[in-house]
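Some structures to go through are shown next.
One chain, chain A, links the two complexes that follow: it is found with chain B in the first and with chain C in the second.
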Partner chain A sequence: MKGMSGWLIRIFAVNSIKIISLLLAVSIISFVLVSASPVDPVRQYILGLGTAVSLEQRAEIESYWGIDEPPAERYLGWLFEVLNGNLGESAIYRRPVADIIGERFWNSLALMLCAWILAGGIGFVLGCVMGMYRNRLPDRILKKVCYLLSTVPAFWLGLLFLLVFSVRLGWFPVGFSSPIGVPGADVSIWQRLYHLILPAVTLSLMSFANIALHTRQKLADVLDSDYVLFARARGEGQWTILRRHGLRNILLPALTLQFASFAELFGGSVMAENVFSYPGLGSAVADAGLRGDVPLLLGVTLFSALFVCAGNMMANLLYGVVDPQIREAGK
Partner chain B sequence: MKRMNRRTGAVCLAAVLAAVLCTVYACGILIPEEAVTGSFLNAGCPPCLEHPFGTDALGRDLFLRTLKGLSVSMTVGLAASAVSAVIAVLVGIAAATGSKLMDGAVNWLIDLVMGVPHTILIILISFVLGRGLRGLLAGIAATHWCSLARLIRSEVLQLRSQQYVAVSRRLGKSGGWILRHHLLPHLAPQLFVGLILMFPHAILHEASISFLGFGLPPEQSAIGIILSESMRYLSAGMWWPAVLPGLTLVMIVLLVDKTGDSLRMIFDPYSAQE
Partner chain C sequence: MEQKKETLLEIHNLSVSFRMYDHGLEQTNLRVISDLHLTVRPGEIVAVAGSSGSGKSLLASAILGILPSNAVVCGHLHYKGRELTGQLQKELCGKEIALVPQSVAFLDPLMKVGAQADGHYRPKLTEKRRKLFERFHLPGHTEDLYPFQLSGGMARRVLVSAALVTDAELIIADEPTPGMSLDQALEALRMFREMADEGKAVILITHDIDLAFEFADTVAVFYAGTTVETAPASDFKKGPAALRHPYSRALWEALPQNGFRPIPGFQPYAGSLPKGCLFAPRCPYKTEKCGNQIPPVREVRGGEVRCYRAK
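On to the complex of A and B.
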């Protein structure tokens, strides 16, 4: 066990260094990109103020934003502020970006977590079924379904759900994370969950195919192994074999794969949130991009990179915990 | 009549699918702009014989708009995946044949691009290039090369350890000669199939990003635009602008995917045996 904890610390350190370098690069690239854009952030900021601004005031704002400083200096100043937790003020919401991200992240997290668990659960169970009935009818049907779902754009699936379940059947609300006209504090958790169902189902449907196909393959490998042949010879039934030999071998790799899919999850939530007008990070980033809100755009980009990196790190750690071969190879 | 073998079947299938795709593309290109300017007299007309997909809230024929949108999507998809494939080849070969430092740098770069959700990255790039077609193309091209680059890297690494490459090197052939005569011919089928399999992804991303409002301008006929417009009339019970163009998009993506699969069977001797 001592070797394991040492390995964990080492891999954690290596990953942290890598993540820091990646985040720095993301910050530089996005800063350079945004600086090169034709959108003038100062103008957008002033537009957002909604009042006329005198030339002196404009000059003041410009010097606050550091327009006349050289780009490198501006970047370092911005980075310093970001590291101190100040992401600037959003031009469209008129509030600190950090607050907006903090608030909306919980909405997004609720959505992504539900979808993540749902997709993982459905994907894993279907993967097991596909593996057990390999090349037989249930497997072939499910494989077609997985294949079909991976070619359907998520936002269109969301549109269809909206059309069928909200408009036609009226089972679910058309959008937003809580009922309209009810103050935020009075919204019960059930109402929130109720508003979460459709976006979460949409998001999970587009991501479970991956995990299902992966689980199917892993289970197929296990079932082809000699120890399963021996178990069969001992007279164990199919489901006993799955319980005793299959699950142990495929559960954690599947979990690892789930952690590594944070990028797709986040990207999918951008689409789902926009279809269902769900107030999370995804709808914020689309708004920010469309209305030229540079600080918010930069903030969410950095945050999404941090989120994905955290998921990848967990996946890397899990790989090693699960598979001693990887631990050994790293030495 | 003798039954066709699988290879001939695959060739025929690929030819038919490619012909269908080309027809859709040509239709989209050939339809003049005037054809999609509708009149308010028949706005919001449900699907009928005259308008197979119905008309939208401005009276434009949705079937024609969908066809036009598909051809735009295919252009964007093809151009972006071609650029992406070129990037993938350059980066993959550089990683596999360059120094260890180079390999590390390339892997880091791939991690970097994979570390930001693609949707966000495309939004950012499109924002920088002032939305529109250029931003869309650059965004999709910049995000789709990673997995193909990884594939090519591992392929080249494997090829480099082959005996005939080692023999060539001992015979004093230059690196460029080996690249041209041994590596590239091996990579060509992989690359071609990779390109075709990248194509549907690019189309789907194009539609998604246009849907969010970052891609093509709203007056253009693009699937994403039609679908995002349809959102506004969803609660009014207009289902056809949301369902039918999306369905067509899915069918096209499936067609391209199927074409890619049969081409892989034709070009790639390994997968032909599966």
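On to the complex of A and C.
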């Protein structure tokens, strides 16, 4: 057990260094991209103020913000502030970026978590069913469903869901994360969940086909393996084989895939949140991009990079906990 | 004397083919085992020898009922006098008939070997398996290791324990020796000898024919999916004069210590078997008859042979 915790600490340390250097790279690249873009942060800021600003005042703002300083200096200044926890103030919301991210992240997290569990659970079970009934009717039907779902764009599916389930049938609300006209403090968890269902299902449909098809293929490989042949020679039945050897061997790739899907999930949440007017990070980043809110855009970019890296790190750590070959090799 | 013993497994006229789709929907049958005979008695090691592709491993799969789904089996398999049907195979495999697979690849890479050797049986056989591990000098912590942590010799002993834990009466060992040092191979074969001496029957499928002669009671020589000769192992030790089939003699002479002389030609591919005797194309003594008709199995000097010429 001592070796195990030592291994975990080491992997954690190595991954942390990787994440920090990756975040640095992401910050540099996004900073360069934003500087090179036609977005003029000063103009956006002034637009956001809503009052007329004279040329002198504008020049004052520019020099206060250090627009004429060399880019490297500006970057270092920004980085220093970020390291001190100051992500700047959003030009469109007039509030600190960190607060906005903090608030919206919980909405997004709830959405992504629901979608993630749904996609992982359904995808894994369907993948197992397809693998066990390989090339037979259930497999052939499910495979076509998976292909169909993975080719259909998620935002289109979201719109379709809205049309059918919200507008036509009236089963679900048309958007937002809580009922309109109810103060935030009075919204119950059930109301929040109720508003979450459609976007979460839409988001999960994006990745579950992928997980199901991967799981199917992996299970098929396992069932063709020599150790399953040996299990059959020892009289183990289909379901005993699935329980004793199948699950054990496909869980690992499924888990990795599941945690590595954080990036897709985040990308998908931008779509889903916009279609369902769901106030999460995804809709914030879309707003920030469209309306030239540089601090918010940079803040969310950094945060999402951190989020995706955290997912990958969890996959790495779990891999070691589950797979003895990696764990023992790490000793 | 041995003939009088009750037979445990009797294989008669066994053929195995694979349904294949050639071009589009054209279906062909690829015959990989044809008219095979084999008799196994308790207390006996039957070595099945032959080159790669002679159908040795498929024989094991056919007995255990684990052939791929596109395989078609014809002929008779009898176990203790009962016809070995798919149903009976399901009942017996892993209980009365056990397989000792080739290598560590037949162990689940993510499962501790102790639990694997225990198997799925209820009630659990852990106590019995621990005794077997002890008997095979596997250290106490072995059961908590994963297959990739085992040495070749340890893996072999784990696989044998997995077969013995069930009280199987018939043990099929599929190529247990390749990749082992001579010492390890001898140890493994001694293990099988011990099992046979305890009254179990062992089918030893092997490449290492010279080792097989030493430990087996009977040797069945496979060629292109059939048994060309079944003879007491002692005949193989005596030399080519005691053997009955030209292929058995060729095998003997191809051994490094016996001159290392190969014969020309190659074993026919399952898709293009000759019409008559399967060995005829390579046989120096072939006659017209050999090319037209498969020779029947005959008893010659206490062995069985498929050759018109054998005396």
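Going forward, the second predicted complex is superposed on the first by the 304 of 331 C-alpha atoms of A that agree within 3 Å, B and C clash if a C-alpha of one lies under 4 Å from a C-alpha of the other, contacts with A are read in each partner's own complex, and residues count from 1 in each chain.
Here is the rule we use: a residue touches a chain if its C-beta (ideal position, glycine included) is under 8 Å from a C-beta of that chain, and two chains touch if they have at least 3 such contacts.
Computed from a prediction, not measured in an experiment: that's the story for all the values here.
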{"item": "Chain A: partner with more touched residues, chain B or chain C", "value": "B"}
{"item": "Chain B versus chain C as contact partner of A:L297, first or second or both or neither", "value": "first"}
{"item": "Which superposed partner A:R232 touches (first chain B, second chain C, both, neither)", "value": "second"}
{"item": "Touching partner for A:L79 - first (chain B), second (chain C), both, neither", "value": "neither"}
{"item": "Partner chain(s) touched by A:L317 [first = chain B, second = chain C, both, neither]", "value": "neither"}
{"item": "Partner chain(s) touched by A:V145 [first = chain B, second = chain C, both, neither]", "value": "neither"}
{"item": "Chain C residues touching chain A - in the complex, by the definition given at the top", "value": "64, 66, 90, 92-95, 98-99, 101, 103, 105-111, 119-120, 146, 148-149, 162, 166"}
{"item": "Of chain A, residues touching chain C in the complex", "value": "226-227, 229-236, 240, 244-245, 248-249, 252, 322-325, 328"}
{"item": "In the complex, chain A residues that touch chain B", "value": "18, 21-22, 25-26, 29-30, 33-34, 36-39, 148, 151-156, 159-160, 162-163, 167, 174, 263-264, 266-268, 270-271, 274-275, 282, 285-286, 289-290, 292, 297, 300-301, 304-305, 308-309, 312"}
{"item": "Complex interface listing, chain B residues touching chain A", "value": "108, 111-112, 114-121, 123-130, 200, 204, 207-208, 211-214, 227, 230-231, 234-235, 237, 239, 242-243, 246, 249-250, 253-254, 257"}
